[in-house]
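Common to both upcoming complexes is chain A, partnered first by chain B, then by chain C.
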Partner chain A sequence: MKAKKALSHLLRWETMLVVLLVALWLVFDAKDASLQAAKLAKGRKATDVFNFTKMLNGMGPYLLYSFMALGMALILGMGDIDISVGAIAALSASVMGTVYGPFKKVMAPGLALALAILCCVMTGAACGFLNGFLVTRFRELFPMIITLGTQLFYRGFCYLLLGGETLQYKDDTVWVGFKKLYNGSITLGDLSIPTMLIWFLLLAAVFFVFLHLTTGGRKLFAIGTNRVTSRYSGIRVDRFELSMFVICGVTSALSAMFYVGSVSATVRADAMVGYEMYAIAVAVLGGFSTGGGKGNIIGLILSVIIFGVMKKGLGTVFGLPDSTVNLAVGAVLIVFSLLPNLLEDLSNFRRLRRQHAQAQLK
Partner chain B sequence: MDKKPVKNGRAGGFNLLSFVIEHREIPLLGVLVLLLAGVSIAVPGYFSGNYMNILKNSSMNLVMASGMLCVLLIGSIDISVAAVLELAAAIAGVLMRDSKISSMIGMFAIGIGVGALIGFVNGAVMSFGRVLPIIVTLGMTYLARALIPMDFILGMNKIARIDLTDYFKEFILHEYLGIPVIVYIALAVVVIMGLFLKYTPVGRSIYATGSNEEAARMRGVKVKWIKVLAHVICGGMAGMAGIMRLGYYNAIEKGAANGQEMYVIAACVLGGVSVMGGYGKITGVVIGALLIATIDSAIPQLFMNATMMKEFFKGILILMAILLNVLLQRAATKRNLKGRDI
Partner chain C sequence: MKKILAIVLALVLSLSLMAVAEKAGEGLTIGIVYKQSGNAYFQAGVDGFAKAAEELGFEFVHDGPEDSSNDGQERIIRNYIDMGVDVLCISANDAAGLVDVCNEARAQGIVVLSWDAKVDAEGRDLDVEPAGAKAIGVQQLESIAESIGYEGQLAIVSAGATAPNQNLWIGFIEEELKTNEKYSKIEYLGVVYGDDDYTKSYDVTKSLIDKYPDLKGLIVPTTNGGPAVAKCIMDEGKVGQIKMTGLTLAHDMAEYIKGGVADATFLWSPIDLGYVTAYVGVAMVNGEFKAEEGTTIDVPGFEGLEVIPSDDGGLILYLNKLFGFTAENVDDWIDIL
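And then the complex of A and B:
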């Protein structure tokens, strides 16, 4: 009995995600096959648009917000929320673009780029620090309200740095370098795996170890479950929370570097608007709730894949416009946070009815 | 030593600090007056030339913020208001373009109806499904934003001047006694909302639910339905603001009100509304919305290269104002507690 319960606990959310992924995959694959058959019947050349290799190769755009989602997972695990990640990423990219030019004049391009990337990461960390500082010092306000405010501030800072213009790296090596960061792949037999996916999985592995195998992760979920109790049991809540916000800022800066590659090594002040929503949606579908105290990195990785498959499938296989994809994202977000609660209600209801029936029998 | 008479556990007589705690909007009013005075001195003739613009620009924010007040009072939050605004305006605009409706009341009914429907879904999922309000309204933002460019609503088009009837375009900015209708609408909404929250049993139930849900439930308040109602009001107000926006700018397209929800929430938080629920007044919200509109209109007057600086200073000023408000509250509470014999 106990083993059964433990098993059900372990498998509940992640199994649901796997089932969802398989269902989506089968639907898209069947639709793709029927499209191909229709084309062949008409005597035209048919291309397989949805299969494992194509999906793996085209994972790039769906991985941009996955780094942010990892950082967001830490924040959500503590029961906080950070709406400013998109603005942090835009600001980091802006800073990187702005400082590269002056640096290049005084030193070798490679060194200048390394320094610019360092500045990018430092900006992310500094923004995260400001968020964390304000959140831990102003407990009267929700983290949401504070990060709404800081988001406006960071975005405004971007406009101050760049104006309304598009900043372009007028430099071939850097341009190619960033493109490679985004587009590059490693060939492994028949498959070519995007390097971005490997970076993501590596980072996810680090986060997995931290969240589920170290005391740091235990502390994090303890804070998410009950902040006051955690403080009385000797966790330095404020300091810990602050450092988690800094890590979230750094992951946003990482996203920004890949993003620069995806838009042909240019930077705009209004880049990455709405990415925070994607990051939150991915993390929530992955099992992290804004209530805090629960979540699993495996679920998050699955949810990143589900988002990619869903977008790719709806977009290329069904040929639906982008707005429909967003519709699906919204629906998935609401339904999947509603479903566990409804199931719980149902089981409670049945248990009560059973108890009632037993009482009547006596 | 004879003591002063004690009333309600506090030292008698007039205590400025306790007065400030009771009325959180008073210091904010001071800030607003100071800001207006400062800008008027820096830019001569600023106030007389701009006060009507401030009122007009703040009216939509004000209507949404008074809806948001209800939601914040029950300890929830709604970040889908901007998306709801766009959707309601788009649906009403399309119906007017296809000459399905032409009357003023019809437009407002459609707008409020669409908003209230979305608010109902938000509230029902949040209240009966026990999903956190941020998640529900975030998902709803996606849904509403995704519905706008669908073929049966806006498609690839947008609603422009020619799609609207002349009467509608005239009406919203038509002036009676030198004040445009849009300001009257905002005023009416604010007054009705204030009276509703303060004097009706349902309004008091909203406060009760926010300050102590369990106690309210014991007292016989239908807590779950009150929560749904608050979200319905918020959605309805957002829809109404959509129609007002349509009349004001005579155009609506996808992403027109992007980021507006921040200013709505900021107006409430500035006005001293507690995000934990149970505390907040409509007067504070009015002053908060006016303050944001003043910041908005003052920055281009103060700085020459306006648009870029505006974003920057708007963000930093709103953040500072919110934090300053909290610090002020803290100082006041601390001083006040010191005065008591515990």
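And then the complex of A and C:
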């Protein structure tokens, strides 16, 4: 019964996300059409600003935080939070860049890059481990506070490694070639699909299987629903939670890898500031509440797309400044996240009134 | 009847076409990308673009990321490419980081200019910057020489002894003093170093004044030294006898300029920079001007600007005209520079 209810909830949530996506798309498309008409009327050349091709081709910058959002989904599902993922990514990128330079002097550049990427992922895992260790060992502290601390720590470490310098490998053929391999685009006629999108969907599929089709996923949501009962039911809560934090760290490192590949192969200590907030926002809109115990990867994928479409559309068709776009996105996030609660309140209110009326009839 | 209508329509159309053709930038859109939103310096830059837009008739959009990030700028540039802008004018947070996206824009026929802070040579068509080292040095010298009537003792209060920019400018000042006949009556005392520190700059100025009672002019080619030197001149009661000039911010120097310590101090004006960049962009789209070594362009108020090779192997265009803060205009600039 409960499972059925949960399922219907999920379906409802994903349907709502699809409705939101379609609505946004229609609004942007209509606005775009009216802009074009206005330009043509004035005898100007009109550009089709918002369409499927442009949206797909330009999805890249809005996918950078999608990997860490997957990791964040695990953390939120357990009722924890990790606000250090942006700093973890920056540190992983810094390590990757710092290590590559000396390595390629002593070995084949391809091997050096492979090692650098390995170091990048290991850094993410190590940071995640530290987070998980602190969170599970010091239960009296909120994960928010712990990861706030580690966020500052990791960010500081980036500056220790790089200072104010920008590492760049744009002239390095191996680095650039490899970057194109994992972070280029696949051309299909007019479309040039960012490879990042395909990687994200593949990884999301893995996460879907884990979260919704294995015992691991059930454990995770059990912990998120009630940690104490989970422990008494035989789940090794601390160990499980720790390993989820490690996975979250690794996904942050993956985001870092794509970030390094996306912006002309440069690494800076102040990279990806604020990405943790994007990751949390994407996961929450996708249906993972901070209370834990629920969420669906399908919703998260939809949410990644919605964020991309919304930011792109507001930025181009409506011409809003980049900083103002975030304001609009934030507003949609709050309203939309509150919607189920409001609906529930409404139905509760109706039921009470009905019961009241029935009682009076008797 | 139909024929007459057709003729009238054709006339109206051709007239309107002629009206459109009057302004060089009509129908063009310029996308301006700067380092950071809400920054007064870049808002002044946009004012310069707006001034050019009034004269040339182009439209423009402008934006910068709130966090001064490279990926934020990349996002904005991609949006502008989608919106079909004809020119991108970029002040880059990271010269190397924007090369790829800029080249995507150029592949679609968009003219890519950098202004104020360059995009690396391989990602841009042209870099537009305020002034070359020689112009910066010579303009300060000319200003102080005018203030002191082209004769008397002159010294320089610089930043650190190894500061590369300052040393470059001072090199040009010294060369000009030696070679230009009109400065022959100026007795050059040399350089002292205030290390960009307020107290030290104040102290070295004081010992200069004590040592040379006839000192008439001071050049301070560093924004951090300017206010300290001016304060010292005022405290020593030498206003009127000793004049100074230099590179300074307006809000640092407003009270001293109005108090008569300096007739004029200098800095580049972001308004001029935006204005010229816009003219260059429009001329390049229209094919009236090509960014090649040795080509020149005339912009109202800035005639004969020449494209020269830059240090990074690309092309650069200098305005070579610093903006002077004087007692009349300095108050307008306090909030900007």
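The rule is simple: the second predicted complex is superposed on the first by the 340 of 362 C-alpha atoms of A that agree within 3 Å, B and C clash if a C-alpha of one lies under 4 Å from a C-alpha of the other, contacts with A are read in each partner's own complex, and residues count from 1 in each chain.
Please note the rule applied: a contact is a pair of C-beta atoms (placed from the backbone, for glycine too) under 8 Å apart; a residue touches a chain by one contact, two chains touch by 3 or more.
What you see is a predicted model; the values in this text were computed from it and never measured.
Of the two partner chains placed by superposition, only chain B is touched by A:Leu333; chain C is not.
Once chain A of one complex is fitted onto chain A of the other, the partner contacts of A:Ile117 are absent, as it touches neither chain B nor chain C. Look at A:Val18: by the touch rule set out above, it reaches neither chain B nor chain C. Partner contacting the larger number of chain A residues, of chain B and chain C: B. Once chain A of one complex is fitted onto chain A of the other, the partner contacts of A:Ser323 extend to both chain B and chain C. Once chain A of one complex is fitted onto chain A of the other, the partner contacts of A:Ser262 are limited to chain C, with no touch recorded for chain B. Residues 273, 321, 323, 326 of chain A are contacted both by chain B in one complex and by chain C in the other.
Taken together, the chain B residues at the contact with chain A in this complex read 77, 125, 129-132, 134-136, 138-143, 145-150, 258, 262, 265-266, 269, 274-275, 307-309, 311-316, 318-319, 322-323, 326, 329-330. Touching chain C in their complex are the following residues of chain A: 43-45, 47, 49-50, 54, 58, 61, 64, 166, 168, 170, 259, 262-264, 266, 268, 270-274, 311-312, 315-316, 319, 321-323, 326. Note for the complex: chain C touches chain A at residues 16, 20, 27, 37-38, 61, 63-67, 69-72, 74-76, 78-79, 82-84, 94, 96-101. Listed in rising order, the residues of chain A touching chain B in the complex are 81, 134, 138, 140-142, 144-146, 148-157, 159-160, 163-164, 273, 277, 280-281, 284, 289-291, 321, 323-327, 329-331, 333-334, 337-338, 341-342.
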